[in-house]
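Listed next: structures, encoded as structure tokens.
Note that chain A is present in both complexes that follow, paired respectively with chain B and with chain C.
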Partner chain A sequence: MMRGKRRGMVVLHAVFAFLLATFVLFPFAVMLSMSLKAPDEQFTSPPYLIPHRPTMENYIEVFGQGSMFARYFLNSILVAFGTTVVVLGVSIFSSYGYARLAFPGKSVLFTLLLLSQLFPLAAIIVPLYRIMSQAGLIDSFFSLIVGYLAFSVPVGVWLLRSFFLGIPRDLEEAAVIDGCTRMQAFWKIVIPLARPGIGATAAYILFITWQEFMFALTFITTQNKRTLPVGIFDFVGQYETNWGNLMAASILICIPVFILFLFVQKQLVGGLTEGAVKG
Partner chain B sequence: MKNGLLFTIILVVATLTISLVAGAEKVTLNVWLMKQADVNLLKAQDEALAKFKELYPDIDVKFTVFPYSEYRDKLLIAAAAGAPPDISVVDQIWNPEFSAAGFVIPLDDYVAQSKSVKKENYFSGAWDSALYQGKLYGVPFDVGVWALNYYNKAFFKDAGLDPEKPPVTWDEFYEVGKKMTGPEKWGTALWVGKGDAVQCITDALTFSNGGSVLNQDFTKCLLDQPAAIDSMKFFKKLQEINPAGEVSRTEEDSFQLFTAGKLGMFWYGEWGQDTVTARAPQMEWAIGNFPKPANGKSVGTFGGWNMVIYKNAPHKDAAWKFIEYWTSKEINEKVSSLTPANVEAAKSFLNNKRKFPDVVFQQLTQALYRPIFPRYPDLAEIQRNATTAILTGEKDIEAALKDATAEINTLLNDYYSSNK
Partner chain C sequence: MTKEREWIAGYLFILPSIVLLAILVFYPLIITFLYSLSDMSLTSTRYLGWMAYQRLFQNKMLSLIFKNSVIWTVFVALFQLLLGLGSALVLNKAFIGRSLLRGIVILPWVMPGVVTAMVWRLIYDPQLGLLNHYLKALGIIDHYLTWLSTPSTALYAVIFSAIWKGFPFSTLMYLAGLQGVPPELYEASEIDGAGDWNRFLHVTLPSMRPIITTTLLFTFIWTFNYFELIYVMTGGGPSEKTHIFPTYIYDLAFKRFRFGNASGFAVVDFLFLLIFSLIYVRLSTKRGGLE
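Then we have the complex of A and B:
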């Protein structure tokens, strides 16, 4: 009796999971389907998901003559990884400080850090443009990386601090008693233990910089310095959109994110929730 | 000997100085254009540019291209920050805004001295779209006309009609559409969309009916006049031969219904021809003029792009040379993806690249530009909201247009009283 009830629950779960997966994956399926269709198959009535004459034409055109897509891709990788490395470098030390050290004004500074997250991007974009312009950084990758630091370092510090707080202080103290310096204890004990947290933070920063649009649109003008979220609009015309190419490009943009997610999935899901309750 | 040496040194120094000065005189023009996807067009652009550099070795030209959806923001930010390009194309409906803000300069003096840039060489509606308070702030580069009547010949045959005789008047359009409408097929599809495109359709109806959106000096709204009211009555009547959902559909959604073979007729610009061919290679289709009221004239609405020179441009004379070159008959025809604004270039472009070139050309010569007002996007939004209210039945036609007229008049008064 009890077993039957449990089996019923399992079936119900499976049904709901299936429905949810369909709901979530359907747009992606349409994207994939459209990217493999020639224009005459894209907007039929009634529509169908599986192309009758699948074609790679759209993917070839995305990398074809006159298309800067490959360049945009490289630029995005450069900017996203560049930002992530710097953010991690800064926020690992900073968040450890906020987690472990006592210094005057600590809580005020930490609050200020979080406060910086409350400004809508649209409100700070013009002042930032002027600052970048005066610093001679406009239209360079630096302007993007520096701009992204402004909103991703606070997130990084905030996330990582929670992870550091979750590591028992006793472990470091034990290491110090055994002859480690504070720095050694940090490198040899704390960092390895916080690795899931660092991985999760890195992945998070990568995700948000990979898809950032507004700064990329505002700061970059030259075509061969544009990043993907801006560059993908090359396929959207004034009156008409090249849907096949656009969808092929969208699929390609998703791939690095999928790969990354496969690698860090465990850490990301575990990591973010772990941090959440200690915050 | 000594003198000879001295002379040689002087000569060398002089030559160096002259060549340095000459080198420094080489100017670079930054030109912002719209992104073009067509590979052949990109090639034509490169070739035309190479020829320009041959003609003017002292002028270097650097193109930066933007996709449409990002272009306006980029231009406005750059112009406001004082770092615009030297030359750019602007949408006809942005031209007044750029002129009024002083971002771009009047070109009348250049035009007066030019051999090739003359009003009569361009479509008059496109030329007039660059005028602001009596001065010319742009040279038309390319144009498009809303709308032509695309039709699917199979629908005519199925309804027992002659596919070589598309409807000419509003009444005929409605009657033909009614005969075509049946289960899962319709005479036409309306749309409202989000941008400023639907105004091109409603304005064209009003223009065809002898009306106008604003009065001649753009200070008063005329949408509450009978010409506009009757045209919206006709527009609303078309709901009967149109699939439901027009208010949330965009022009692209409705165009997809046409290429999917669900519509007998669809109003769209000449630039859509390649898309119909690509999406519906089997369909037999043709183009007729935009329908007109029984005693009216078929008048379309212009879209298109003008070339402007920015106030901050350090080398305005060089910039003008480039505009003269780029809008000349020979070049305009090759480097434009829409119909060239130069009339002679347009004729040859339409003959080579479009079907039914005569119909398109005729529609272009009879098209009018949209109201010249620096805050045109706000005006267009009021119009679009009225169109939505009319189609949903939220307001009756007279009331919706009366309200819109009042709102637009307030907008005009606000603008003119704070920008004297």
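Then we have the complex of A and C:
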């Protein structure tokens, strides 16, 4: 009887695993399927999942003549990397300060940092837009990067802090006893040890800026300065959507972040869970 | 290092982030609050003071947006909790292909929001969408439905896609939580002869309480302020049925140029989340959920 029950559990578990995989993968299948269909297959009724004559046409058209997609891709890379560099530069120091140094008002300031996660970006976009246009920055990559700092710096500080907290204090103290200054200990001991954490944080910042939509929609007005999440609307016509091209473009947008995740998944998940538990 | 020198070092280390946040977050927030006391638009600005809030609270849109936001957030956060726990339990058991499935399950969370919205628009599309086709083949519906433009289904349709998009984050957190349950506890319950369900209820859940409490708060706040999925899928329609705070604030500001009104909604959004989080943290600290 025990054995029968055990076997039942194994079957049940397999069924759940299968359902989970189907649920997760179905939209990806829809996306892939549509991206491989020629126009005559896209608009059949009823629709079907597996293309009868798969074609790469859509992918070629996405990069083809008159398409700005390659340009948007470049813009997105520029903005995402620009933001990430600044965020890392700022938050490596700040997060170390919060993780290791003692000074009055620390917990209040850290709470303020966390509080900044409580309002929607829509709540600051009007004043930010006005600041940017008064400074003559609207419609520039610079305005996007600066705008992105508003939400990515707190996340960067918060994530990196949890990585720094995970590095044993003794190592720095030993280095100081051996004659290093605190600053040398920071550069020579802490930073190298935190490298996986820094990599994971960089990946996370790249990931959230790569897909940012609201600021990109608002701050950029010239077509050739658009980033991918807004640029993709080129395939959405006023009357008719070019679904084949749209889905091919969607897959191409996903690929860089999926690859990024493949590499940093373990560190990132560690950082997120640690950060969540340690506040 | 002396105490004073450590203080100075500390302030210097955090200074850049403080300056950035002051300029880019807290100053704009104050401006938004000031705007909210006026009826500022493109053409005129009149200072109304607290009258602006009296008007706001008589505004029928506020109660509609609030209702939509709460339905949206509660459903999404709750189902992400359930689905996150369920999938974490499935993925915590050893089986062939587990690491592959773990990699796959994360994908929706990694998929950019605008892309997610587009794909779900296609799935829900009345003619091209596979959802109608499959549901009809299964005999669940007898004619094709317009999921995203029917007032009674639109909100639940976007809720479903948001659950799909976000649940992997909960899965990741709960998987980490499950690995942190002390094995001795399982052994003890085995000796006591507890069944699977009892063990889950009396051993697994209690030791995961802190991580569930935190994850739920995170997903609640994120969902409440999640903009692009709804904005791209329905734009708030049909007839404002899917508008939540961030989408409605954006529309007020950049489509109708009613900056004062938009700011009022933004302040209510922020205050609601602030009060909610404070009560939540207090209640869960009392019950041993958070440190």
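Observations
Throughout what follows, the second predicted complex is superposed on the first by the 258 of 279 C-alpha atoms of A that agree within 3 Å, B and C clash if a C-alpha of one lies under 4 Å from a C-alpha of the other, contacts with A are read in each partner's own complex, and residues count from 1 in each chain.
One rule holds in what follows: contacts are C-beta pairs under 8 Å (C-beta built on N, C-alpha and C of every residue); 3 or more make two chains touch, one makes a residue touch a chain.
The structure presented is a predicted model; accordingly, all values stated were derived computationally and were not measured.
In the superposition on chain A, A:Phe261 makes contact with chain C only, not with chain B.
Once the two complexes are laid over each other on the shared chain, residue contacts for A:Gly66 go to chain B alone; chain C is not touched. Contact with chain B, but none with chain C, is seen for A:Asp234 once the two complexes are overlaid on the shared chain. Once the two complexes are laid over each other on the shared chain, residue contacts for A:Ile177 go to neither chain B nor chain C.
By the touch criterion defined above, A:Thr218 lies against chain B and chain C together after alignment on the C-alpha atoms of chain A.
By the touch criterion defined above, A:Ile131 reaches chain C but does not reach chain B. Counting residues of chain A touched by each partner, chain B versus chain C, the larger count belongs to C.
Residue contacts after overlaying the shared chain place A:Asp40 against chain B, while chain C stays out of touching range.
Of the two partner chains, neither chain B nor chain C is touched by A:Ile50. Where the contact sets of chain A with chain B and with chain C meet, they give residues 42-43, 45, 126, 130, 218, 236. On the side of chain B, the complex with chain A involves touching residues 34-35, 37-39, 42, 64-65, 67-70, 73-74, 77-78, 81, 83, 144, 251-252, 256-257, 259-262, 269, 271-272, 275, 278-281.
Only residues 39-40, 42-45, 64-66, 126, 129-130, 133, 138, 217-218, 221-223, 230, 233-242, 245 of chain A touch chain B when the two sit together in their complex. Residues of chain A touching chain C in their complex: 9, 13-14, 16-17, 20-21, 23-28, 30-31, 34, 42-43, 45-49, 89-91, 93-94, 96-98, 101-104, 106, 109, 112-113, 115-128, 130-131, 146-147, 149-150, 153-154, 157, 182, 207, 210-211, 213-214, 218, 228-229, 232, 236, 243, 246-247, 250, 253-254, 257-258, 261-262, 265, 269-270, 272-273, 276-277, 279.
Within the complex formed with chain A, the residues of chain C that make contact are 1, 3, 6-7, 9-14, 16-18, 20-21, 24-29, 31-32, 35, 86-87, 90, 93, 95, 97, 101, 103-108, 110-116, 118-120, 122-123, 127-130, 133, 136, 164, 168-169, 172-173, 176-177, 196, 210-211, 214-215, 218, 221, 224-225, 227-228, 231-232, 245-247, 249-250, 253-254, 259, 262-263, 266-267, 269-270, 273-274, 277, 290-291.
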